[in-house]
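Letters A, B, C and D name the chains as they come in the text, with residue numbers starting at 1 for each one.
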Amino acid sequence: MFYREVGEFKTSYRSDGQTFPIALDRHAYYALLGVAFLVVPFLLNDYWVKAIVLPFLIYSIAALGLNILTGYCGQVSLGSGGFMAVGAYSCYKFMTGFDVYLPAEAGEWVRYALPPINVFFSVLLGGVMTALVGILFGLPSLRIKGFYLAVATLAAQFFLVWLFNKWEWAFNYSASGQITAPERAVFGIDVTGPSTSAWATYLFCLVFAVVLALVARNLTRGHLGRSWMAIRDMDIAAEIIGVNPLKAKLTAFGISSFYIGISGALLFAVYLGAAEVGEVFGIQKSFLVLFMVIIGGLGSVLGSFLGAAFMVLLPVALKNLLVGQLGWATDIAAHLDFVIVGALIIVFLILEPHGLAQLWRTIKQKLRLWPFPH
Amino acid sequence: MTTTTTVPPELGTFPRVVQRNATTFGERPAYREKAFGIWQGWTWIQAHEQVRALAIGLIDLGVEPADKIAVIGRNRPAFYWTMIAAQYVGAIPVPVYQDSSADEVAYVMEHCGARFAVVDDQEQVDKLLDVSARTPILERIVYVDPRGLRKYDHALLHDFAAVQEKGRTLRAELDPELDRRAALAAGGDAAVILYTSGTTGRPKGVVLTHDNVLATAKNTCAFDSLSEHESILAYLPMAWVGDFVFSMAQATWAGFCVNCPENAGTMHKDLQEIGATYFFAPPRFFEGLLTSIRIRMEDASAFKRWLFDGAIERARAVGPALLEGRDVSLPARLLHRLDHALILGPLLNATGLSAVRVGYTAGEAIGPEIFDFYRSLGINLKQLYGQTEACVFVTQQPDGEVHPDTVGVPCPGVEIRIDDSGEVLYRSPGAFREYYKNPEATADTKDAQGWVSTGDAGFFDSSSGHLRIIDRAKDVGRLANGHLFAPKFTENKLKFYPDILETVVFGRDRTFCTAFINIDLTAVGNWAERNNIAYASYQELAAHPKVYGSIQSHIEAVNRSVAEDERLFDCQVHRFLVLHKELDADDGEITRTGKVRRRTVEQKYATLIEAMHDGSDQVYIETEITYEDGRKGAIRATLEIRDARVEPRADAAAREPAADAARAPAHA
Amino acid sequence: MPPHANRQRMPHGHPLMREAMSMADPAAAAGAPPVPSVPVMELGHITLRFGGVTAIKDISFDILEGEVRAIIGPNGAGKSSMLNVISGFYHPQEGEIRYRGKVRPAMKPYQIARLGVARTFQNIALFKGMSTLDNIMTGRLTHMKSGLFAQAIWKGAAEREEIEQRERAERIIDFLEIQAIRKAPVGSLSYGMQKRVELGRALVSEPSLLLLDEPMAGMNVEEKEDMSRFILDVNDEFGTTIALIEHDMGVVMDISDRVVVMDYGAKIGDGTPDQVRNDQAVIDAYLGVAHE
Amino acid sequence: MSTDFYYGIEVVLNGLMAGVMYSLVALGFVLIFKASGVFNYAQGVMALFAAQTLVGLQTGQVPFSHLIDAVFGLDVHHFGWTLPTLVAIALSLCMMVLFAILVEKLVLKHLVNQEPIILFMATIGLAYFMEGFGQLMWGSEIKRLDIGIPQGGNLWIENATAGLGGEGFHGFYIDTLDLYATAIAILLVTALVLLSRYTRIGRALRAVADDHQAALSVGISLRTIWVIVWAIAGFVALVAGAMWGAKSGVQFSLSLIALKALPVLMLGGFTSIPGAVVGGLIIGVGEKLFEFLIGAPFLGGATENWFAYMLALVFLVFRPQGLFGERIIERV
């Protein structure tokens, strides 16, 4: 309906291959970015940031990550929670600075205390560590396929949670077994710790989300992305046309984990401030992210954001309605939340197995064809 | 002729105009071709370079001035360059229809004596190799697409790109020669020879000079103020004069961009992508498009259809008015805005015509409501009348003076005369020089004073002063009472009704007009279903009284509109019958291209025609038919003959025909 | 004398054609494939077993540079297994495979693809989630080098590479005349079209040996004709060596230079189409099938 | 003979019994997977739901009491009567059958010939739904479940075996409940095996596993079969739920035993009933032993949480088709 594509022709493969080939979309996208960076920061208050915006951005990153693995490369993972934990804990260690022991002469070990690393880089390094762990747990994917793999990833989930529970070094021997984010600043502005301002945390996460989304798009449009999709759609054929399954799957696991790790780090450091592995990064988290990807749409960057938004907003909305308006007990609201989410998952899988993103595509297609039905 | 209609000598030939473009419009796009998924483009500078490289390559191949170079292929920049390059070296390009058979090609090649041919691909090469077996004249074939040609003997085959490369390497020594030839050429020289696919006999080679074409281009560009900012989609056959004038003459003269589609299949998509601002298409294109729009809307939701119909309805009212700058009430205008935002805009977008600033249709009559539909959408669609011999343009409709049933006013520099028999003659700077190697044909068509007879009968509409074409002159005759008889005029009006597929009107030298009707099985069939009318066969459906009823109402409506016209008053249909079988090419009743073979039909169905005129109200007939597999069979039928109401003639006009008859005693 | 000369390509009875036929040196025609004499692949005494079943019994033959080599035989003759051995997907228990003169060790399929062996599949194995263009682009994967970070940034190296590869892909799209479906998801395409896209995917990798697994299976007559034309054109244009298996004898005989005939896992005939056509063993085998 | 050795045996015995319970849950998966190719993640939640229902009916709880209270501002919780265990069990069973029918009608029917992974995700959704639903219906607090089986160490065995060990060994400590559970589980398993071997339905089930057309030829519609298997799975869940519930209270964690059944399946193969049994035993023994020998002493304990999965993972890397699955030959 709003599309006027006459006279939009491409004279180069660059312009033909761009992310938004249709001018209207392109402009909408730039407008959106502009608003997100220049307008939103001034409108935010703590409630919005805490309740909606931060979780949305952070989970979007996790969803992007899982989407790369499951949506693009076709490897189902139930280990997201565990990987987020890796991100969070390693970020914590980098933030707080930790000791390393290096061999000195005569079998002596010398202890070096690393200085705390800037939070931005701590988050990145968190991602890197997670990537390494992810690759490790990705190795079996070469032999194990389908559900078998999905279940195998549970090993990662449970082992990692257990590990961070038992391994005192990981949480700096704190009595509670919790990790707590110290005050850290970027360009002199606090982004972690108790005294942060809404807009700062928002921008901090937004930067990660936007950049990572762009990177995701770039990776999935290039030959790496194609080799993933080839593996996803028909692994044998893919191998026969020259895709190295080892490389394809491990890169997918690595990059996916990198994203998930970063989101875990942000979740802990910026959003929660403190975390106990069992309750924050449990199996439920893995499913939450998985749902985001399913509802949002497998194999779609946009879908990751839509899915995250949906899964973040739904409970908030319910809570406001049932608890806020009707004054019910919170646990009932929570249970209803489960019921509704569960039902929605099923409904989605039945009506639109390709998720909100597909819905969006269909709508867009209709708008382009308007007034014609097809 | 006034000076405005001629071209200055420094721009007297195509090569000079292209040179001018390279300097004036240098970096502006000259040609685009959708290839390998994107639009490959050439600026005027690049195009000029391509042309010169090719030209030198041609010289190297041994092309001499006055040589003929056949050009066979779909619309591609390479072929437009070829034609200009040919003119550069003083040779004459002869575009040939790419789908014509080996024989047709052979005839043309032989007739024009082409020593060279520049063709598209293996298919054309094979054709020419076949030809060259018969015509020894052909010396060199240059192909653009090397696919499948590797194993051919390259003694006389040349790759287009290779020729150009050779040309580039030889630039140093041959540039002067090229410039010498370019300078030698004069406006009076032949710019192109176009073979008209003659409906009768062998095709004739129409020789058009640089003056002809460029003058026409100059005038018509001025007429519609076409500038270098236009863009056009070149999709009509290159051998057809229209494409030559629009994509060669006007494009080079005005310096606008010629866009070549990827292939026939992607034409619509490409049209939408490019967003042509200047567009020509035959009526059937617009009919087809409208039908497809209707069909697609059929499946739309009720709400959408409601919106759509409403918008179209309102647009029909205000659209043309707005287009012609007449004033429209504010609310109506606002509503139209809204319609545009919601329906019309998207619709135009889908058709790919939203950018069209000047659109033309011609060739045959276009249905008024079809024509109006597009104008109401805001497309400035106009009609023109022309022919190969005139470089297309004889008359055209000025902006703001558009009527579905006329073809407009004489183009700038064109004089028009209607002779006694009602035939249209013209004299113009675009009037062709001669039929190649066919002086007697030339003499028949073009007299000493340069008047060219069109072979069409027409007259100037008293109210609008626009020319109206009524029929082929040879089909136009007189009724017994001496009144003008132009069957096509009535037939066209009838054929605009969807349920009438074909119709033949009789009346030459008779007292009144009668008509055969062929119903359109699909349209009438649907109608029958909707009104639950049962029928077992075409014959039964055709004979159904309800069908007769609706046909009769159509005819009477047509009669009313015919009656509005003084001269053609007596072309009203007094009696008619609905034929029991479709006129069929297998039975030789219509041509393969769907034109009625009047004579054949008259002879074959003489009994029916007699019956209609002797007043009997039914007639028995037994016709032999030929099935697709060639078997013959016969069908018998008794057909009802009906009278249709005709408009009575006002006394004032009653006297007029006598004078009319007196003027043309030959027909009395 | 190129083996293709026996194919009817040009109009008959034309002097030029006779010239073309009698061309002693095909190199005169630009880019014509070299005279086939060099074997691209030699299979020596191949035997392949699945558990107890013997799919291929001691088969030897070679595939020469620039020829179209057909392996035919009734259903269940072991053609597919043979092709899978050639493509290196199955590793025979006995016998050796020489590729370009050197013995080819057992490799992973993707390594063999990098050697320049590409193939199509009997029941189409396109990537359903992708467009025609993307499917064909996957055929270029082996040629794409840009690193992870280059791709993450995209602008620059990665984009340049993508465009280069796109150009090659577009040539193939043009060659196979599938421009109209360039951006259509392959799932939505007709069977014949899908086959064509798959051919494109194999072709775009510029293979030195192209394997076609029943390229005409399940096609109607026109589709078969198109496919035959494309196979021949590929062989001419790119000088690609082609090995194909097919059980429909008719088509194969027209387009192939030499034919291997298999039955019950054994080789029962080998030679030019004419030789094979008149080979008693072959006739029997096919008649035998006809009776089933 | 050292004391530790006997403790080791005790561990093994306990492991075996735990293993039997695992196999019990795993069976639920296998049945459904064989018959409908669905990997039913909800199996565990079904067990929880079954147990909740059982308790609820037993103690005469008012369904949805919390919701009702919240909506109408009432304060209802119990009807005030209790049901005899067997009746309650029977009723719960009906509930599970009803549930099976609903699942088929509302979910599976609409997901026919979707990729397995989609169906898998659907069951995850189902699990979520039931978890919330169960808690809405019966409340989320932890409940004791008493089905009349005595609990606590079995003195008879303890005394009988006390003599074996040397100093400080007081005989095997084995919970009676576990003994009963094991017995029941073994019964159930044999029953199921027999069912699938010797009854028409059983044959149909196995036919379906092989191919759907064949199943139809047996003369039972696919949908009926689905209902049946889901019902059976529901029954299995009920038993499992009852056992675990009785052992450690009816609470959310119960649904996690389903997760524990997954590695069992990976070992045993998704399609093999004996596989499920053997896999269960291996896991049960394995994790108990690992905890006893390595976990507790060196790793700070609680290794049961992950050992099973790691075991399965490592195992699969070397034998992707599991213990009893048939070898996968890749075709082109």
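Here, a residue touches a chain if its C-beta (ideal position, glycine included) is under 8 Å from a C-beta of that chain, and two chains touch if they have at least 3 such contacts.
Since this is a predicted model, take the numbers as computed values, not measurements.
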{"item": "Centroid-based (C-alpha) most distant chain relative to chain B", "value": "D"}
{"item": "Interface with the most contact pairs, given as the two chains involved", "value": "A-D"}
{"item": "Distance between the centres, which are taken as Cα means, of chain C and chain A, whole angstrom", "value": "44"}
{"item": "Centroid spacing, where centroids are CA-atom means, of chain B and chain D in whole angstrom", "value": "79"}
{"item": "Euclidean distance of C-alpha centroids - chain B vs chain C, Å", "value": "47"}
{"item": "Length of the line joining the C-alpha centres of chain C and chain D, rounded to whole Å", "value": "53"}
{"item": "Junction residues of chain A - those touching two or more other chains", "value": "13, 236-237, 240"}
{"item": "Sequence positions of chain D contacting 2 or more other chains", "value": "332"}
{"item": "Shared interface positions of chain B, touching two or more other chains", "value": "37"}
{"item": "Residues on chain A engaged by chain B in the complex (per definition of touch)", "value": "1, 3-13, 16, 369-374"}
{"item": "Contact footprint of chain A on chain B as seen in their complex", "value": "32, 37-41, 272-275, 293, 296-297, 299-301, 304, 307-308, 342-343, 345-350, 352-355"}
{"item": "Contacting residues of chain B [partner chain C, same complex]", "value": "35-37, 126, 129-130, 132-133, 147-148, 150-156, 262-263, 265-266"}
{"item": "For the chain A and chain D complex, residues of the former touching the latter", "value": "76, 139-140, 143-148, 150-152, 154-155, 158-159, 161-162, 165-166, 236-237, 240, 283, 287, 290-291, 294, 326, 328-329, 331-332, 334-346, 349-350, 353"}
{"item": "For the chain C and chain B complex, residues of the former touching the latter", "value": "2, 4-5, 9-11, 13-17, 19-20, 23, 26, 28-32, 133, 166-167, 170-171, 173-175, 179-180, 182, 233, 236-237"}
